[in-house]
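Structure first, commentary second.
Note that the chains take the letters A, B, C, D, E and F in the order they are written out, and that residue 1 is the start of every chain.
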Amino acid sequence: MNICLINPNTSASMTTAIEAGAKSVASSNTSIIAVNPDSGPTSIEGYYDEVFSLPGLITKVKEHKDADAFIIACFDDTGLDAVRAMTNKPVLGIGQSACYIASMLSETFGVITTLDISVPILKNNIYKMGFGRRCTSVTSVEVPVLELEKQSKLAICKIRAEISRLISDKKVESIVLGCAGMVEFANILEKEFSIPIIEGVSAATVLSEGILKMNKSTSKIGGYAFPRQKEYIGEMKKFEFKK
Amino acid sequence: MNICLINPNTSASMTTAIEAGAKSVASSNTSIIAVNPDSGPTSIEGYYDEVFSLPGLITKVKEHKDADAFIIACFDDTGLDAVRAMTNKPVLGIGQSACYIASMLSETFGVITTLDISVPILKNNIYKMGFGRRCTSVTSVEVPVLELEKQSKLAICKIRAEISRLISDKKVESIVLGCAGMVEFANILEKEFSIPIIEGVSAATVLSEGILKMNKSTSKIGGYAFPRQKEYIGEMKKFEFKK
Amino acid sequence: MNICLINPNTSASMTTAIEAGAKSVASSNTSIIAVNPDSGPTSIEGYYDEVFSLPGLITKVKEHKDADAFIIACFDDTGLDAVRAMTNKPVLGIGQSACYIASMLSETFGVITTLDISVPILKNNIYKMGFGRRCTSVTSVEVPVLELEKQSKLAICKIRAEISRLISDKKVESIVLGCAGMVEFANILEKEFSIPIIEGVSAATVLSEGILKMNKSTSKIGGYAFPRQKEYIGEMKKFEFKK
Amino acid sequence: MNICLINPNTSASMTTAIEAGAKSVASSNTSIIAVNPDSGPTSIEGYYDEVFSLPGLITKVKEHKDADAFIIACFDDTGLDAVRAMTNKPVLGIGQSACYIASMLSETFGVITTLDISVPILKNNIYKMGFGRRCTSVTSVEVPVLELEKQSKLAICKIRAEISRLISDKKVESIVLGCAGMVEFANILEKEFSIPIIEGVSAATVLSEGILKMNKSTSKIGGYAFPRQKEYIGEMKKFEFKK
Amino acid sequence: MNICLINPNTSASMTTAIEAGAKSVASSNTSIIAVNPDSGPTSIEGYYDEVFSLPGLITKVKEHKDADAFIIACFDDTGLDAVRAMTNKPVLGIGQSACYIASMLSETFGVITTLDISVPILKNNIYKMGFGRRCTSVTSVEVPVLELEKQSKLAICKIRAEISRLISDKKVESIVLGCAGMVEFANILEKEFSIPIIEGVSAATVLSEGILKMNKSTSKIGGYAFPRQKEYIGEMKKFEFKK
Amino acid sequence: MNICLINPNTSASMTTAIEAGAKSVASSNTSIIAVNPDSGPTSIEGYYDEVFSLPGLITKVKEHKDADAFIIACFDDTGLDAVRAMTNKPVLGIGQSACYIASMLSETFGVITTLDISVPILKNNIYKMGFGRRCTSVTSVEVPVLELEKQSKLAICKIRAEISRLISDKKVESIVLGCAGMVEFANILEKEFSIPIIEGVSAATVLSEGILKMNKSTSKIGGYAFPRQKEYIGEMKKFEFKK
């Protein structure tokens, strides 16, 4: 099976790390391809950046239309609903995936993300998912996305402190790392704590494989129905949906 | 005061109707300008169309940066969060606005929209707003957005039937018309029923005026903080945020 | 248009301040009249006082039945449902109004009120409104209502400290001042903070004007249906409802 | 122990029926006194009537201040919070009481009340109580309160039909009769159905006795703290709270 | 009337204390019998222990099938749903009972239990009951169940400190003691604080008496319908349900 | 990897079908073993049967303690919390698993189960999971568990009719089959409808494999902490927990 991971920001080094994260858990007969848009923000931090990652993200979905499943490798699950509408293939976001896996291993969990600007986005996503009660905290370490890589020691240090605080003060039962850029941190940190520490790239990879083994597709009733065909004008004309 | 209404689809005739709807309620000293993107879908029906209305929508916000307030004239509130992040000016969506006004006139309300594909989007928006309990129904009449104008008699007829059904079966206390293309229908229909029938263009217009008279701005703490400055690459480079 | 503001307590000086607050945002062609009951508590602090403000409040509504809209100028929204049942004119409470405006400017907000005794009332109102999730805190500064005026410097000082605490500890995105007696404090305090600080008198004024410009009425289906005509006996006989 | 039941409407015949209902379940050593206000509406149907039952209701509480517990015998739980604030004695409403008992005998329940105008009030009360999910339906039989007595056969017939409908269509597990005027119907109807049919007068009576046997009082922290002492002016002066 | 209290753990001394607690509030004509299983854990601390208390608990229900009502005297309400399914007699758990009584005396309450391992169980129970919003805190004092008796002074001391903290920090309006082993502590502690302190044994006793006086039964529609008759094999064969 | 599926009822033919269902999706290097208790009910229909499946279920967990993961193959997720407490291995219930997979393929889903007696159990489980809003219906076809096998044509026919009804009346976006005995029906039925039809055995199998590939364990903080060591007496002594 072929899984196409799309990092919706344009940082190739992050795409490389994401690919490695996915491959580290994928089955031997799974082919993983990780790509990122040719155009758009180098990191996604807040509602504005999300908008301009989307055309590039969707272009990549179209370029890889033969993939068996798609993963959107941004913890905001940027564009997840739009991509699900484009295809009947399974489409997973790493945000949802990490939360689902955490909720199979513990009754409640906490999310640690990069910046305060993303906290309301994640809270809204989690509330819509249904985990408003089970996700007992969403906090940030105030490290920008691209600094996670450049200053990974500092970032890990701050995340470690936040995990400790959440365990002692909030009795958090598991931790979800709330950014694709933290893909390499989960296993490092888990060794130091007695609770599951989940990141979304590996979560989405195994969930995609699982759904493919079940031979299931995205529902085409409701909000994920295929887009109605219609005219797009101007610069966006190329994005007119053709089934 | 200057209010810029942006119809995020590219149908100029709808923009004209929206402008008329806004002007019909605006104060005499309010200057209304209604525009639509130069590029993008001719109507927004579902998650996919939303994505490609956004670059054009945001371009229009930038072009009208001297406006005192912005209104996004699509009932999905497409791009509302992103536009709020761009500015400290008030930004209203017609979806939220209509629901807020309805909830000042009745304890519960029902929403009638165009197509089933939009129902889950609206339910999610309303749930996030906080009106999951007060909005007792979201249904569609299965008339596409552009047909509202072309076949307005048929559309009104179907909406009338749905209102009757909701009043008798669901004891709905007021009705929200769930599409900017229904802007002209609210007053026509309200005469026939004993309950408020609200559409969002006029709602957002008076709410914008009100907020401006209060001299209030969008909060810049949390998810609506200004976007962080960063590099955008490729075709989207022109959208790099500059405060 | 004529808007009748009713301060449901009997403190004339507070009525004067409320009238000034309303006029400071009202349109030039809006006529504002602010009144208070001839009988009842001098301030409303808790469930018991609410009861005895109601007959006087409703008397004032009847005396001003030609008004185009009514505003109940107590943050508890005392009697709001009963007044809505009496009339098809728009009726706004300053509590609801402030929360609605705050939720148009930020995703979440905190309420600061006078006394602990009012906190559960406000929490219940906000929960019923639908903002249980978006209103992230309701706290008091333990200053009685009438002291807000007599010791306004001390009161502002305590509110300022509470706003600071809520911003730093709770990352609150906007503040709602939870008492009509704080009408003059919002603009003073807003200058010191980077977030919207909303009080309800101006909020209700602009919302009433807006609804009137939309030419909308209170729904008469459901709980706001006109009272059924019936016999009242004894002292209360004068309050028998006559449409 | 002495329990004072207050029927907040002024219909003496209903008070008599309520007294009989309470006595039918009370322990032999419990003294029941049932009273109604000297002034106010003859029945409570909607938000407006509630207001004018309150001064009379509270007068009766004061007149019977030596009672060990108070019951408010209107299904709206009219004035419940205000009376709880006046005293540290237990105070029960028949609406809450019936819902609590129903929820000890079944996982979910349905409420059947008199008129549509009361449905939103009851839904709001039940939502505030916490039973929004467990109370799966609130419907009316469109029989006015005072007709329950005058036309009891017709009323029982309509309620019987509604119970049948709720059992077959909604799989309701128990029924709460939503009006004090239905006090005599519960046992009659229960014989015909296989599910518990609960009315609130007997429920509140046994719950009051129970709390008294436990020797428990109403909390005086929070919203039920004693009213602050203050000036009342005019006609309402007599209601100034004195502890 | 005969009420059978079943302590689902096998500690006879705790059963004795529970019996005394129940008798201290029961009416003179109520016969209380308190028993515990012959087999199973000596205390119930967490999900695992619950499982092995159940066969013994249900055996005791069968042995006392002539009782008029059953009380399950573990704060987890262990087996409550299964016992309700076995019988149409009223069945109360002390956890639910304490929460119901607390919610008749205050708008919100906090629960204090023995060990952290029980906190999620209690939170889940309370959420299912409907009190997720009204129960503002569930905390533990980290004293094992059997130590409550052996080291009662230490236990009381820790609970006292936690009550103080909850009153000052959380403005908790009443306290529920979350373990049958705390049955003797409620009255001792209540004298020291101005708020109701509720334990579940007395609560369940008076509620059972009340329901019996109302002559009500457990609903046999839905989840509490009698078990379908069927074959059980092996060691469990003796538990085949016979109506 | 070795996955141990435990069918908690004692019907060996159902265990065989479950094993086949699991193997049909498992990876080639996954070893599946499916077992059922030696003692207990032949089917689990309601709260009572659940109790007596548990000792046998837990015995099987102990017998297979070298398994890498456990699946509880009853849609009620019988004993899921207790088994999670026993081990740090991943433990999945087929009820949760099916709901998680459905929610990755559609925004909302409906559950179809065997008997009305199970509907409240499933609703409670789903509510606790967080999917109260996303699961828009739980209905039964009134076919007992063991009849699914004996009269599979009739059962499929009834389920088909219910799916059709849910799609046309409720616009359900995907279907979850709510009984392990329906394991063979999902793929048959899915061919006839345009929406995902999910059963839990395959869902739990792929989710277990996924979690194992991620090398994650059940959290041992909170409710899933290992049971405290303590004395069990009598018949249950053999179940004393030893880590």
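Please note the rule applied: contacts are C-beta pairs under 8 Å (C-beta built on N, C-alpha and C of every residue); 3 or more make two chains touch, one makes a residue touch a chain.
Predicted model only: the values in this text are computed from it and were never measured.
Counting steps between touching chains, the shortest path from subunit A to subunit D takes 2. Over half of the residue numbers at the interface between copies subunit E and subunit F are found on both sides, making the touching surfaces mostly the same.
By residue number, more than half of the contact pairs of D-E reappear in one of the listed pairs B-D, A-F or B-F, namely A-F. For subunit D, the chain with the farthest CA centroid is A. Computed from the mean C-alpha positions, the centre of subunit A lies at a distance of 43 Å from the centre of subunit E. Each chain gets a centre from the mean of its Cα atoms; for subunit A and subunit B, those two points are 29 Å apart. Annotation: 52 Å between the Cα-based centres of subunit C and subunit F.
Among the residues of subunit B, those touching two or more other chains are numbered 107-108, 116, 119-120, 124, 127, 132-133, 171, 173, 222-224.
Two chains count as a pair here when they touch; such pairs are A-B, A-C, A-E, A-F, B-C, B-D, B-F, C-D, C-E, D-E, D-F, E-F. The part of subunit F that touches subunit A in the complex is made up of residues 25-27, 90, 92, 96, 100-101, 103-108, 129-134, 167, 171-174, 187, 194-196, 198, 202-203, 206-207, 209-211, 213-224. Here subunit F touches subunit B in the complex through residues 107-108, 133, 171, going by the rule given at the top. The residues of subunit D lying in touch with subunit C in their complex are 10, 37-43, 45-52, 54-56, 58, 79, 81-82, 84-86, 115-121, 124, 127-128, 144, 222-225, 227-228, 230-237, 239, 241. Those residues of subunit D that touch subunit B in the shared complex are 116, 119-120, 124, 127, 132.
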